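Quick heads-up: structures coming right below.
After this come two complexes, each holding chain A, first together with chain B and then together with chain C.
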Partner chain A sequence: MSLYQVLLLVLVALIAGFIHNIQLKKSFLIFMSVTFYYWLQPSSSIRNLDFWLPTFTLLISFATYLGMIIYSREKILLTFRDFGFVLVPTLLADLNRYVSLCCITPTLPPTIERVILGVIITLAIFFLLYRVIPQHYDFSFSLFFLLILFLFLKIPSFTLILSRAFHIINHQPLQFSLATDIQWLGISYIILRMLHILIDVHKKRQPIPGFQDYVFYLLFFPALIAGPIDLFPHFVNEISSPSPSNTLRQEGFYRIIIGSFKKFVLADSLAILALSQQNATQISSTLYMWLALIGYSLRIYFDFSGYTDIAIGSGLLIGVRLPENFSAPYRKTNLIQFWNSWHITLANWFRSYFFYPFTRKYQRTKKLPLWLLIFTGQVITMLLIGFWHGITLNFAVWGLWHGIGLFVNNRWADWKRNHPYLLKQNWFFTSLSWILTFSYVSLGWIWFGMSDLHSAMLVFQRLFGLAS
Partner chain B sequence: MNQSEFKIKVDWKGLIIKTTILLILCNLIYALLIPHLSIGKLTLYNAIFPGRLRLPYGDDPSQSYNLTLNNLDAMFASHIIAKPGKPTAEFRVVLIGDSATWGYLLSNDHTLAGYLNQLQLFSSDGRKLIFYNLGYPTMSLTKDLMILTRSLTYQPDLIIWLVTLESFPKDKQTSSPLIQENLDELFLLIKNNHLENYLSIPSPQPKNLWKQTIIAQRKQLADLYRYQLYGFDWAATHIDQFIPENLPPRQEDLTEDLTFHGFQPSHLPIASLSFPILEAGENLAKPVPVIFVNEPIFISHGENSATRYNFYYPRWAYDDYRKWFSDTCKSQNWICWDLWDLIPSTEFTNTAIHMTPSGTQQSANWIGEQLANWLKTRP
Partner chain C sequence: MDDPINEISFYIVNDILKSPHKILKPDEPLISSGILDSFHLVDLALYIEDRFGVKIEDTELNRQTFDNLNQLYHLIQSKTKDQ
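This part shows the complex of A and B:
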């Protein structure tokens, strides 16, 4: 995301904050969120893909929404107005093909006939499904569909298949297809948000939301690129609150300035010297390898937390307080504290929808020893968090690294609680804990940042002087 | 909506006014001071990071950890030659030339300077010869003269100036971006060396204040900043150029065209070649000796090779040039070495002057041998 894009986002957020009529504000924001979704989508070498991917997101949103209606058997009337705010920006994005006033999509969108035909066919399929499958439909259908989609996007060899399929459809040469052709903006976050609503509706923790609120929640533009992942009830509550006060606007601007500084000054500067796939094999000195690794740790933090600050700041200008995602993670003195302050909303999502249900279930049904339950729960949770970033060996090892680290930390904390007289808290112990935690997290980033295990191992060897 | 815990009270009107005034003031002060400040001299190289072994030039900064600056102060400040204090046991030799001297597609160990340093040569008074690569891509003798002038600050004991015909035509002299970005310096160079009759450029116009502001100079400032950051990568990897694995080779089959920069066969007038620039450089360097070297070129055996040596040179033009080169060296009493056909054609890479490591090493060995003999004749 460029500074220019951030400025435009902030401007739209500021305008939205001055709209006092809540319904009007919502409509404006849905319209802008969908438009921004097209606008921010990265360009692709596959013809029209930067138009179709956001359109697919909208269609998937509609499909999962329809699934909820079918499953719950509730009578929910979808009006043309519900679709209007979604369809109009889509058509506007497509009109960009004919009226090159601006640049809503990065490359030329498809012809209007193809778009209308695509939408009609999809709606017809949905209608047929709606008529045919109600008696057979259950919640797992949508869940299964989203997980399959997720697998296709996160396993590089599957993504390559998808890329090849698109090349064939577009009559483009197959030899140029790459897994990286498919960069679907924010889809990992959008899927988690969808799953959150699907599961909560299934568990009857909340009623089916209105379609507009549902799409708005999924595509809320400040949180589109890098979260945070808000919970739907909190989000709806926030968006229904009146216009922000001046104090909130000040806080919003403050967060945007801090976030922009983190992202565009600190993170972008650190990117030049941070560890990368390219320099991992080029750096032979142990000292420089450590410096590059520290550079990477700081870069990833400033980049990600910078985006979060901009998202939270933009939200505040609108009048929506998004949840915090970071709380000085690198100042923490143990791994448990680190994971309570790094990508907080993602960790909370996996705790709520996997770790707690998993441990509760096995505590009740199987008489597993507590340590084994904690070990299994933490390792699988961290593996899932790793896989959320990409289903590769490296992310698996990264997840394992943190799962095992959290388990050891948990056992150590337990042991310390039982032997308070053996270890007194003092500055030396605190400093040592901080060094250990920061080093452990930084070393973990090697698995995260490298594209394969061989490169990661090479970095480890260089760091400890084991490779020339 | 949660209650805000934000404690900073901001007077937005005051903040905007103060920020605007501060911005204008900073820009104004910068614009007024910049002609007198050489901001490029502020560098982390030779202090925190080791100096670079060649002048900065980069097509793809993220892969080469290098970029094209065109700021001579910054270029020299980052070079290892700018490291303070010349050791007494060092005999400093500066190499000046085009991309072949700079080492396009060659790592630093494989450049001409790199190979010459590996020869471990000593002067007659026992000082070790240390070769500094001050070559710079783009072919222009005026660009070389500009670099030579700058290099004199760093107390060279000998200058080796590598040239090729393509650097001589008048139309090649000022088109280089390095020249275009330093026209003030070129103007002084022309004036101080009485080259007005040969090279004429309009006198520098008074600086537009706006063009000197931070806002207007932001690209140059950002480049300088990035260049300092790339110092880390340079220190960590010793890479300053991205060398692709597969490159299209130099052109073997040649066109029928026999013209050379607008000149028709079969005579290339000496007045069309920039020998006055060489003369100016030689005079300027005195008492430091200058050795002129005619670079090796690729000699094609493909289509039309009977009339052309390579992509750059029709045979008639290059042969005439070599004659002029030899005659001028004799008449001016210059030390000149002609290496034009020294290197086999298989040792050339993507152009008719860029060589493989092996080709460059052969050149270095030849130059090293001649240099050793020449040094013996020196007191």
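This part shows the complex of A and C:
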């Protein structure tokens, strides 16, 4: 995301904050969120993909929503009107092909006939599936569909198949197809938000939301690219609140300035020094490798937390307080605290939908010994968080690294609680704990940042002076 | 419900933290401060469900929903009213 894009997003957020009529504000924000979604979607060598991917997101939103409605046997008349409203920016983005007033999509969008045909075919496929699948399986079907989609986007060899399929459809030469041709903006976050609503509606924790609210929640532009992942009831409550006060606007601007400084000054400067796939093989000095690793740790934090500050700040200008995603993670003195303060909303999502149900079930029945329950709960949760970033060996090792780290931390904390007089808290112990935690997290970033295990191992060897 | 805040506080310091001498203030952060980890929250949820007969959802076990005893008490109260 460039500074120019940030400025435009902030300007729109500021304007939205001055709209006092809540329904009007919502309609304006939905329109702008969908438009921004097209605008921010990166271009691809696959023809028209920058137009089709956001359009597919809208169609998938509609299909999953329809699944919820059919499953609950509720009326759907209103939904088509809402769906039409949500598609207005799509049509406007496409009509730019003919008038060339502005540049909403990075490349020229497809012809209007192709768009209408594409929308009708995709919707027809979903309708057909919903007619074929027994009604009480509609919820499972939506989950299954999202899971398959997720696998196709996260397993590089599957993404390559998808890329080839798009090349064939577009009559483009197959030999140039790459998995990286498919960069679907924000889809990992959008899928988690969809799952949150689908599961909660299925478990009757919340009623089916209106379709506009559903799409609004999925695509709310300040949090579109990299979160934070709000919970739907909280989001709806926030968006229904009156316009922000001047104090809230000041706080919003402050967060945006801090976030931009972190992202565009600190993170971008650290990029020169930080460990990367390119410099990993070139650095031969142990000291320089340690500096590169620390640089990477700081860069990833400033980049991500800077983005989050901008997102939260923009939300505040609108009058929506998004949840915090970071809370000084590198100042923490143990791994448990680190994971309570790093990408908080993502960790909470996986706790809510895997860790807590899993642990609760076995804790109540006492079927597993406690240590085994803690081990499996932590390791599987962290593996899932790793796979959410990408289903590769490196992310698997990164997940395992943290899962095992959290297990050891848990056992150590338990032992300390049972022996309170053996280890007194003092500055030396606190400093040592901090060094250990920061080093463990930083070393873990090697698996995360390198594209394959061989490069990661090479970095480890250089760090500990083992490379020849 | 007679003084549930004291009851929950007693359970946390005795059964979860195993530090009977520790005193928890009603507004003391429990999750964001790291006093309770995710396993403790599961124990706490099971205890509250058994003791107060309310259902604590998995999505509620986070600092957004409650981070201290006061907020937890209000959560239980709102659920008791709904029943």
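Quick note on the criterion: the second predicted complex is superposed on the first by the 443 of 468 C-alpha atoms of A that agree within 3 Å, B and C clash if a C-alpha of one lies under 4 Å from a C-alpha of the other, contacts with A are read in each partner's own complex, and residues count from 1 in each chain.
Here is the rule we use: a residue touches a chain if its C-beta (ideal position, glycine included) is under 8 Å from a C-beta of that chain, and two chains touch if they have at least 3 such contacts.
These numbers come from a predicted model, not from an experiment.
Undergrad: Chain A superposed: clash or fit between chain B and chain C?
TA: They fit: once the shared chain is superposed, the two partners occupy separate space.
Undergrad: Regarding the shared-chain residue A:G319, is it in contact with chain B (first), chain C (second), both, or neither?
TA: In the superposition, A:G319 contacts chain B only.
Undergrad: Is A:L466 touching anything from chain B or chain C once the two structures are fitted on A? First, second, both or neither.
TA: It touches nothing on chain B or chain C.
Undergrad: In the combined three-chain superposition, what is the angle centred on chain A between chain B and chain C, taking C-alpha centres, to the nearest 10 degrees?
TA: Here the answer is 130 degrees.
Undergrad: Look at A:I116 in the shared chain and tell me whether it touches chain B only, chain C only, both, or neither; answer first, second, both or neither.
TA: In the superposition, A:I116 touches no partner, neither chain B nor chain C.
Undergrad: Per the contact definition in the header, classify A:Q250: touching chain B only (first), chain C only (second), both, or neither.
TA: In the superposition, A:Q250 contacts chain B only.
Undergrad: So, does A:L128 touch the first partner chain B, the second partner chain C, both, or neither?
TA: In the superposition, A:L128 touches no partner, neither chain B nor chain C.
Undergrad: Quick one: classify A:N279 as touching chain B (first), chain C (second), both or neither.
TA: first
Undergrad: Taking the superposition as given, tell me the minimum C-alpha spacing from chain B to chain C, whole angstrom.
TA: So the smallest C-alpha to C-alpha spacing between these two chains is 11 Å.
Undergrad: Take the contacts of chain A with chain B and those with chain C, and give the residues found in both.
TA: none
Undergrad: Which residues of chain C touch chain A in their complex?
TA: 17-19, 31-32, 34, 37-39, 41-43, 45-46, 57-59, 61-62, 64
Undergrad: Note which residues of chain A are touching chain C in the complex, please.
TA: Its residues touching chain C are 196, 200, 205, 231, 234, 323, 327, 332, 334, 336-337, 340, 348, 351-353, 355-357, 359-360, 363-364, 374, 377, 410, 413, 417-418, 420.
Undergrad: Applying the document's contact rule, which stretches of chain A touch chain B when the two form their complex?
TA: For this pair, the touching residues of chain A are 238, 241-242, 244-245, 247-248, 250-251, 253-254, 269, 272-273, 278-279, 282-285, 288-289, 291-292, 295, 319-321.
Undergrad: If you look only at chain B, which of its residues touch chain A in the complex?
TA: 1-2, 4, 6, 8-10, 12, 62-63, 225-226, 229-230, 232-233, 235-237, 239
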